[in-house]
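Notes for the one structure printed next.
Chain lettering (A, B, C and D) follows the sequence in which the chains are written, and residue indices restart at 1 in each chain.
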Amino acid sequence: MRFFDRFKQGELRLTRIEAFSDGVFAIVVTLLVLELKVPVLKDHSSAGELIHQLVELAPKFLSWLISFIIVCKFWLNHHHLLGLARHADYAMVWLNSIFLMGQSFIPFPTALMGEYPTNRLAVCLFGCVFALNTLLFIALNRYIVRNLLKPELLGLQDPHALRKAMVGPLSYLVGAAAAWVSVHAAFVIYLLTPLFYITPPSWHGPAGGAATAGDGIRD
Amino acid sequence: MRFFDRFKQGELRLTRIEAFSDGVFAIVVTLLVLELKVPVLKDHSSAGELIHQLVELAPKFLSWLISFIIVCKFWLNHHHLLGLARHADYAMVWLNSIFLMGQSFIPFPTALMGEYPTNRLAVCLFGCVFALNTLLFIALNRYIVRNLLKPELLGLQDPHALRKAMVGPLSYLVGAAAAWVSVHAAFVIYLLTPLFYITPPSWHGPAGGAATAGDGIRD
Amino acid sequence: MRFFDRFKQGELRLTRIEAFSDGVFAIVVTLLVLELKVPVLKDHSSAGELIHQLVELAPKFLSWLISFIIVCKFWLNHHHLLGLARHADYAMVWLNSIFLMGQSFIPFPTALMGEYPTNRLAVCLFGCVFALNTLLFIALNRYIVRNLLKPELLGLQDPHALRKAMVGPLSYLVGAAAAWVSVHAAFVIYLLTPLFYITPPSWHGPAGGAATAGDGIRD
Amino acid sequence: MRFFDRFKQGELRLTRIEAFSDGVFAIVVTLLVLELKVPVLKDHSSAGELIHQLVELAPKFLSWLISFIIVCKFWLNHHHLLGLARHADYAMVWLNSIFLMGQSFIPFPTALMGEYPTNRLAVCLFGCVFALNTLLFIALNRYIVRNLLKPELLGLQDPHALRKAMVGPLSYLVGAAAAWVSVHAAFVIYLLTPLFYITPPSWHGPAGGAATAGDGIRD
C-alpha cells in the first residue's frame, strides 16, 4: 500500500470533528473581542474623554466586525460541507486541522489591522490571511467532494462551484493590493466580500432542478 | 426566485448551531472573569492592603455578576427558542450569528462599566448594549416563530409575547437614561431587569390551558 | 399557581445544559494556565536566570495544579449528577448557572493566591471560594435528587450522602482558617482535600447491595 | 473491595468525556495565538518597521505552528483511542484529566520557547513537556486497551504498538537534549517528530489482515 493511500484509510466520527471545529470557531469569534481594550482615561468620570477614546477605537471595532462576519461565514460553509460527507478519513482530518489553524490565526491580523489601520502592510496582510484561509477551505471542500461525498449526492455538484469559490480569495487579494493605494478602499472591499457569497449555496441536479431542499444536510 | 427567498432555503442541522452557540455563550461568561485582574500590592503579605484593593474592585465584581446573570438568561431563552424550531434555514443562521456577535461583544461594555463606574457614558453604554442584544434576540425569536415553528406548536403562541418581550429592552434603556441622573440608579435597574423575566415562559393554548409541560422542547 | 412553582415547570433538554456546562468547565481549566506568565529575563539566553525565575513561579504552578484537579473533580461530580436526572426544569437551570458562575470565578482566587502566596488573606480567600463552590454544588445535588431523580433510582440514595458531601466545604474552611496560622499548612490542606473524595461515589440500595454498576448513568 | 478496585467501577458516558476533552483541545489550540502579540511600532504607518518587527516574531510563529500541529495530533489520537473503549470508568476519567492537564499546560512552554528561542533551557523544557504529554497519553492508551476495550477488538492489537508509541517521547527527549548543543537542531527535531507518526494507526488482526476499515470507531 502506498504511503499516501494510508491517509484515505480509517472511518472517523464526524461528530467529534464537528465538536472540535465548532469549539475552535466559537473561541475565535469570542476572542476577537479581547482586542477591544478598555481605554485609559485621565478623568475617570469624563464622558467627553471617553467618547473621544471610543471614536479612536473605531478601526478596531470595524476590524472586529469584519472578522466576526467572515468567521461566521466560514463556520456556515464548514457546517454545510461536513453535511455532504459520508464519513471522515485521516487526510480530511489533517486538511481540516490546517484549515482550523488558519482560522485560529485570524485574531492576529485582525488585531494588527485594528491597531495600525493606516499601515498599508498591516491592512494588506489582513486580506492575504483571509485569501489563504479561503484557499484552505477550498482544498478541504475539493477533497470531501471528490472522495467522501455521500452516494446520494453524486452528480448533484455545481459545475461552476470552483469558479464561484475563487471569487472569495480573489476579492481578498484585490483588497490586499488596494491597501497599497488606499487603506480605505481595502476596508470597503473586505467588508463587501462576504456579502458576495453570503447567500446559501445552491445544488443543481444534472437536469438543472434545484436540489437545495433535499441536499441531505438535515439533522 | 427572488433574492431574499433564497435565505429561506436550506435545512440546516440545529445540533451544530446549538453547539456553536453554546460555545460562544460558555466562552463569553468565562471570559468575563478575566477583567477581574489581580491587584498590585506594595506589601505582598499585607492582608489589609489586599482587602482595601478588593473593595476597590467592587464595581468590577458587580459588573461581572450582572453580565453573567444576563448572559445565562440569554442562553436559557436561546435554548428554549431553538427547541421550538423544526429546522434551521440560512436567514435564521445569520440572525443567530448577529445575535451571537452581540453576545460576544458583552465583555467590552462590562469591562468599561467595571473600570469607570462613575462615568455616566460608560454606565449608559452598558444598558444600550443589553437593550440592543435583547432586540437582536427578539428578531431571532420572531423569525423562528413565524417561519420555522414546529407544526404541533402552531396556535399555541402567547398573543402578548411581543409586548412582554419589549419589557427587557425598555428596562435597559430606562437604566441607560438613568445613568445620566445617577449611576447608582442605573446599576440597580440593570441588576433588577433580569429578575423581571427570570421565570419560565408560559405557553397558553387557544383555550387558555397551560401548555408548558408539553411545549415540545424535551430532548 | 404560586410563583415558586413556576420554576418547577418546563422540561429542558439535558444535552444543551451539559454542552454549556462542559464548555464552561473546559474554558475554566484552560484559562488557568494564562496566569503562568512568561518571566521577564534580562539576559535572554541565560538558563540560570530562567531557572531562578521558574522557581519563583512555583506558587503559581502549585495554585494552577490544585485548581485544575478540583475543577476536574467538580466536572466529574457534575457529570455523575446530571446522569441521575430524568430531565431539567427552570429551577435546576438557575441552580446550575449559579454553580457555573462559581466555577468561572475560580481563575481569580487562583491567580491571587499564586501571585501572593505569603498573603494570608489571599490564601484564605482561595479556600472560602472553593467551600462556597462545593456548597453550590450540594444545593444543585439536593434539588436534583429531591425533584428530578430518575424513577428507577428512587430509594437507592446513600443516607449518609449529605454528611459525606459536607467533608469538602469543611475541609476547605479548615484550610482557609489555617492560612492565618501558616500558609504552608493551608496549601497542604487544599492539595489533600480533593484526594479525600476522589474515589467514585457508591450508591447502595435499601438492602445494602452495591448498585454502582447499574446506577443509570450509562450513555 | 480494595481501594484501587473502586476506580474500576462506574460506567461513565463517553460523550461528555469527549465533549469536555474536545473543549480543552479546542481552547488550547486557539489560545496559542494569544502569544502572537501585536508589535509596538514607533511610526504607526511604516510598513518597513512592521516587516522588521514581524521577522522578529518568527520564533513565536514557529513555536505556535509546532504546538498547533502536535496538539491536533494528540486530538486525533485521543479521538481514535476513545473510539476503542466500550465505556469509561473513574480510573480512565482521572487518567484523561491528568492528560488534559498536560495539554492545557502547553501554551506556557510554547510561549517560553517563542519568547526566548536562544535560551537552551526554554527550548529544552518545550521538548520535555511534550515527552511528558506523550507518556501521559500512552498511560491512558494502555489503561483503555487493557481494561475497557470493546469486545470485538480483543486480539486485534498491534504487538509493536507500545514500541512504536515510545518513538514520540524519545524523539522529543532527543530534541530536548539537542537544545544544549544547538537550539536550531532542537527546533528541527520538534518540527519533524509529529511527521513520524502523522499517518493513521493500523490495526492488524492475529492473521495479519489489516483491520483498519473495521476498527469500530465509526460513529
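Criterion: a residue touches a chain if its C-beta (ideal position, glycine included) is under 8 Å from a C-beta of that chain, and two chains touch if they have at least 3 such contacts.
Remember, it's a predicted structure, so these values are computed and weren't measured experimentally.
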Interface numbering overlap (same over half, different under half) for chain C and chain D: different
Copy-to-copy rotation for chain B and chain C - C-alpha atoms, rounded to a multiple of 5°: 90
Taking each chain's C-alpha mean as its centre, the one farthest from chain D: B
Chain C and chain D: spacing of chain centres that average the CA atoms, whole Å: 26
Mean-CA-position distance for chain D and chain B (Å): 36
Residues of chain C touching at least two other chains: 19, 22-23, 26-27, 31, 34
List of chain A residues in touch with chain D within their complex: 3, 6-7, 9-17, 19-20, 22-24, 26-28, 31, 34, 87, 89-90, 93-94, 97, 100-101, 104-105, 107-108, 111-112, 115-116, 118-122
Chain D partner contacts - residues on chain C that touch it in the complex: 18-19, 22-23, 25-27, 29-34, 36, 38, 41, 44-47, 50-51, 65, 68-69, 72, 75-76, 79-80, 83, 198-200, 202, 212-213, 215, 217-219
